[in-house]
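Next up is a structure, given as structure tokens.
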Amino acid sequence: MWSLSHIANEIHRWLNDLFNPTWALIIEMVMAGVAVIGLFAVLGLVLVLMERRVAAWIQIRLGPNRVGPFGLMQSMADTLKLIVKEGLTPDGADKVMFNIAPFIAMIVAMLLMAPIAFAKDFQLWDLNIGVLFVTAVSSLMVVSILMAGWSSNNKYSLMGAMRSGAQIVSYELSAGLSIMTIIVLTGSLQVSDIIHAQNNGWWIFKGHFPVWVAFVIYIIAVTAETNRAPFDLAEAESELTAGFHTEYSGMKFALFFLAEYINVFIVCAIGATLFLGGWMPLHFGTDNAFNQAMDWIPSSVWFFGKTFFLIFLIMWFRWTFPRLRIDQLLNLEWKYLLPISMINLLLATAMAILGWHF
Amino acid sequence: MSKELLKLRITELFPEAAFDESGEWLNTEVPAEKWPALAEQLKADSHLALDYLFCLTCIDWKTHFTMVYHLSSTKFRHNLVFKVKLNREKPEVGTVCHIWRTAEFHEREVYEMFGVNFLHHPDLRLLILPDGWEGKNPLRKDFEDPVNMIRL
Amino acid sequence: MYRQTEIVQEKSPGIVGESGEFTINVGPQHPATHGVLHLVITLSGETILKVEPHLGYIHRSIEKMCESLTYRQFIYVTSRMDYLSAHINNHACALAVEKGLQLEIPPRAQVIRVLMDELTRVASHELWWGAMAMDLGAFTPFFHAFRERESINDIMEETCGARLTMNYMVPGGVMQDIHPNFQRRVKEFLKLYKQKIHEYDELVTGNIIFQNRMKNIGILSPEDAVSYGCTGPTARGSAVSCDIRKIYPYEIYDKLEFDEVLEEGGDSFARYMVRIREMQQSIRIIEQLIDNIPEGEFQAKTKAVLKLPKGEFYTRVETARGELGVYIVSEGGTTPYRIKFRSPGFSNLSVLDHIARGSKIGDLVAMMGTLDLVIPDIDR
Amino acid sequence: MFITNYIKEVWGAVKSLATGMKRTIYYFTHHKEIITQEYPDNRDTLVLPERFKGEVVMPHNQDNEHRCTGCTACELACPNGTIKVITKFDLTPEGKKKKAIDKLVYHLELCTMCNLCVEACPSDAIKMAQTYEHSVFDRNQLTKILNNPGSKIMEGVE
């Protein structure tokens, strides 16, 4: 059957025929890198357009509809504008850090792409600690934000960065704990294992109450971790104008902007992998007609469908809720999410030991 | 309370008050040096209870300034007007912003617009006008701004 | 001669002073200030130690301008003060001139004026509601509020010929009779409003995040509210009865059935609820009047050149933000000798420092939002 | 009870958030509620109310005649010097001098659309037009002369 893994294998074989294995590997790596960068660009364009459309429809507006058919070229035009704009570096800024920070944000986002399974057997690096890798690397994001905030030599930026630091560090806990729930149920940190464990039904269906709770907590925590409303305190515009990227303009701003959307994509992809089965089609039980019918839909469609559903959910939050205050944000984490997710992890463990899940 | 009763009460507090009943509300003229002490009494007095200063302004009469204090009582709902005549060359009057907090901003506005000096005001600086406008008081009748003024 | 931006000098060259305090400039261009308000905030971490307003970025010296305008002309300037309740400002000025002329206003004009005032009040509160939610990070209510506000603006446009600065009130009545469609359009608006009013609660009022952001911040005691000269919803949120329409009724307000909205508490949420409930009271007034507009003249006969007798005339009206006082000192000429506008925003702003101390910077926007500051009204 | 209160609190919070999300998803799916007007595209169908104050114009009839007597009532009524009436003296057929307007200069850039000039005009010579696209590249184009060249006063207007 035609699939992404099929194409990948064909290319692999073809390259191995032409070159020796070392060169083939190097070329493959370069190709993967180019593919990731290409995916970044496409995702950036698509997600920005999607956000603007979702926002517009929720806000009883039309949204972008002038550039290209149905406004599809709007984000292209925006990108062009951002590239052409002058990238200012403020006088008092720490120039090296100021210029490096947006790239660090991008590099972190790129690293996070590695263990994501986009389709059946189509994955950059199926390392055995895949989920741990994701949680570890995603916490590096805060470094770029702190660098940007500090080096801008602007009080608004600094406040935004400090808020963001407190926020990301604390919300990683409950995000990690809710991921742990799935790891306990699966018994593996490897992404492919987690997906294969959902062969007879996604965790959200067969995991009962603890997984539902874990899913809700995960969504809340990653919304906070990616600094999106209602947890966008790092860039709370009515308080801190634009938070940590107040002083950024042009392409450097665009990189932050892009990194935010890529991060949203990645956390949603991880969420889809853990709770909604990744590329795994909707299965109930084993070997029945329904499952076979579902298998006809390509696995990449399943993956992107689930991911974009979660992205929509996060956008939906953003355009509905007001922003929290910094102390309420930390209250929510330490007084509500963390205790709940700890108890939930205990429940999930008990359930895994007793074998109550399907 | 009717105007007559109010008059009686004010006379009790301040015997040399001069009244003017031509307007809608009772006008009382008070000398500048007596004003802050009287103001304190006006708020504290249980029959007057003038706890709400709803308008504080100044009028430039070319020969002199008149500070106008519009006072009201949220308890009895009567309104009284107090006027303080000031010397145009050296306008000075005691502040009332410790009695009615709203006077702090209003007095700063009068200070910059008319140049009236409010004694013992905690923070008498320009509020609306930019730095460097000290001494030029736009709402005085003899003020001329050659750049921005449109005369019709 | 253009004014230069005030640059606040810091004591220490670094970002944070020796005592850990630092100042930030909120405004004159800042998303939360809705205009050119400039606040210099002294902070310690996220906690506000002091708020110091620097005003005057939109000061046009309207009081000085009015001294050279005739009694017919000066009304239009006041639309530019509190542009969200332009009708009510015009109304106050017209009332002051009428008080001087001792004019009797035809009943039809009175009813039209009150109707327009209340429509303006609803429109102003709609905008405030949207902007308030936007300050707190919820963008959607802003657009939903504008939907209702637009339909009011359309009504205004049809009858007064403009959407924001109408200049519809003239001494003696209103400039033109109401448009033939007016009653139908207002009834349509009432229907729309009633269909959509529950959304306000669903989207914002009932929201747990919003309530947590608003409750127990910016607490203003009734004594302080009076002492600082707060009026309008700001003071009524502290249970200070100060509705001029009730206390010193003008036009036909004494014949109308409506409640003065009072809320205990004095926090931002109380001020928010006052405005939300006040909109419903305004709707109630409109409903009472819309079918009962008396026939007759819409303008009293006035002379072409108005001359006020020598004396002082003070009128107070209730705008959407509080008490607006117009103080005219006349020397008997065609132009006022001195005009003072006692604007509600000016006094309401002065309380900001008092209520903001000790709270977080995120609360500052919530407090500024509930004070409902309109900067041209403050600067005049 | 602490635990029940805690659960109640969480439940109430979730419920209030769900109410808001229900409202927004309603608008997301109901595109009929969209109120945006696509302005430059709907220019042909856009009708402004007849009282809309766009700019002051002086209507002329088909014989290029207007109703302005040059009485300067509008100039006096204008609060900010928008209108300037420049008069001249025409000779009537009987040989008498008669006051008439040479030019009625109107500064659109100063106008605040307050309608006072239209109210003040005793002969209904000027009115408000419903135009709304006033932006031009040169400020001088905003200074307009309201009476057409070669126009004269209508018969019977005093």
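Lettered A, B, C and D in written order, each chain numbered from 1.
Here is the rule we use: contacts are C-beta pairs under 8 Å (C-beta built on N, C-alpha and C of every residue); 3 or more make two chains touch, one makes a residue touch a chain.
This one's a predicted model, so the numbers in the text were calculated from it and none came from an experiment.
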Count of contact steps on the shortest path from chain A to chain B: 2
Chains contacting each of chain B and chain D, listed by label: C
Of all other chains, the one whose Cα centre sits farthest from chain D: A
Pair joined by more contacting C-beta pairs (C-D or B-C): B-C
Whole-Å separation of chain centres (CA-atom averages), chain B against chain C: 24
Separation of mean Cα positions, chain D and chain A [Å, integer]: 51
Where chain A and chain C are represented by their mean Cα positions, the distance between them in whole Å: 45
Chain A: positions in contact with at least two other chains: 58-61, 319-321
Junction residues of chain D - those touching two or more other chains: 17, 20, 23-24, 35, 79
Sequence positions of chain B contacting 2 or more other chains: 152
Parts of chain D lying in touch with chain C, wherever the complex brings them together: 12-13, 16-17, 19-20, 22-24, 35, 48-49, 51-53, 77-79, 112-116, 119-120, 128
Footprint of chain C on chain A - complex, ascending: 55, 58-61, 153, 155-156, 158-159, 229-230, 232-233, 236-241, 319-328
In the complex with chain C, residue positions of chain B that touch it: 22-25, 51-55, 57, 59-60, 68, 70, 74, 77, 100-102, 104-106, 109, 127-131, 138-139, 143, 145, 147-148, 151-152
Chain D contact footprint on chain A (complex, rising order): 54, 57-62, 65, 316-317, 319-321, 336, 340
Interfacial residue positions of chain C with respect to chain A in the complex: 15, 22, 24, 30-32, 46, 133-140, 142-144, 147, 203-204, 207, 209-210, 212-213, 360-365
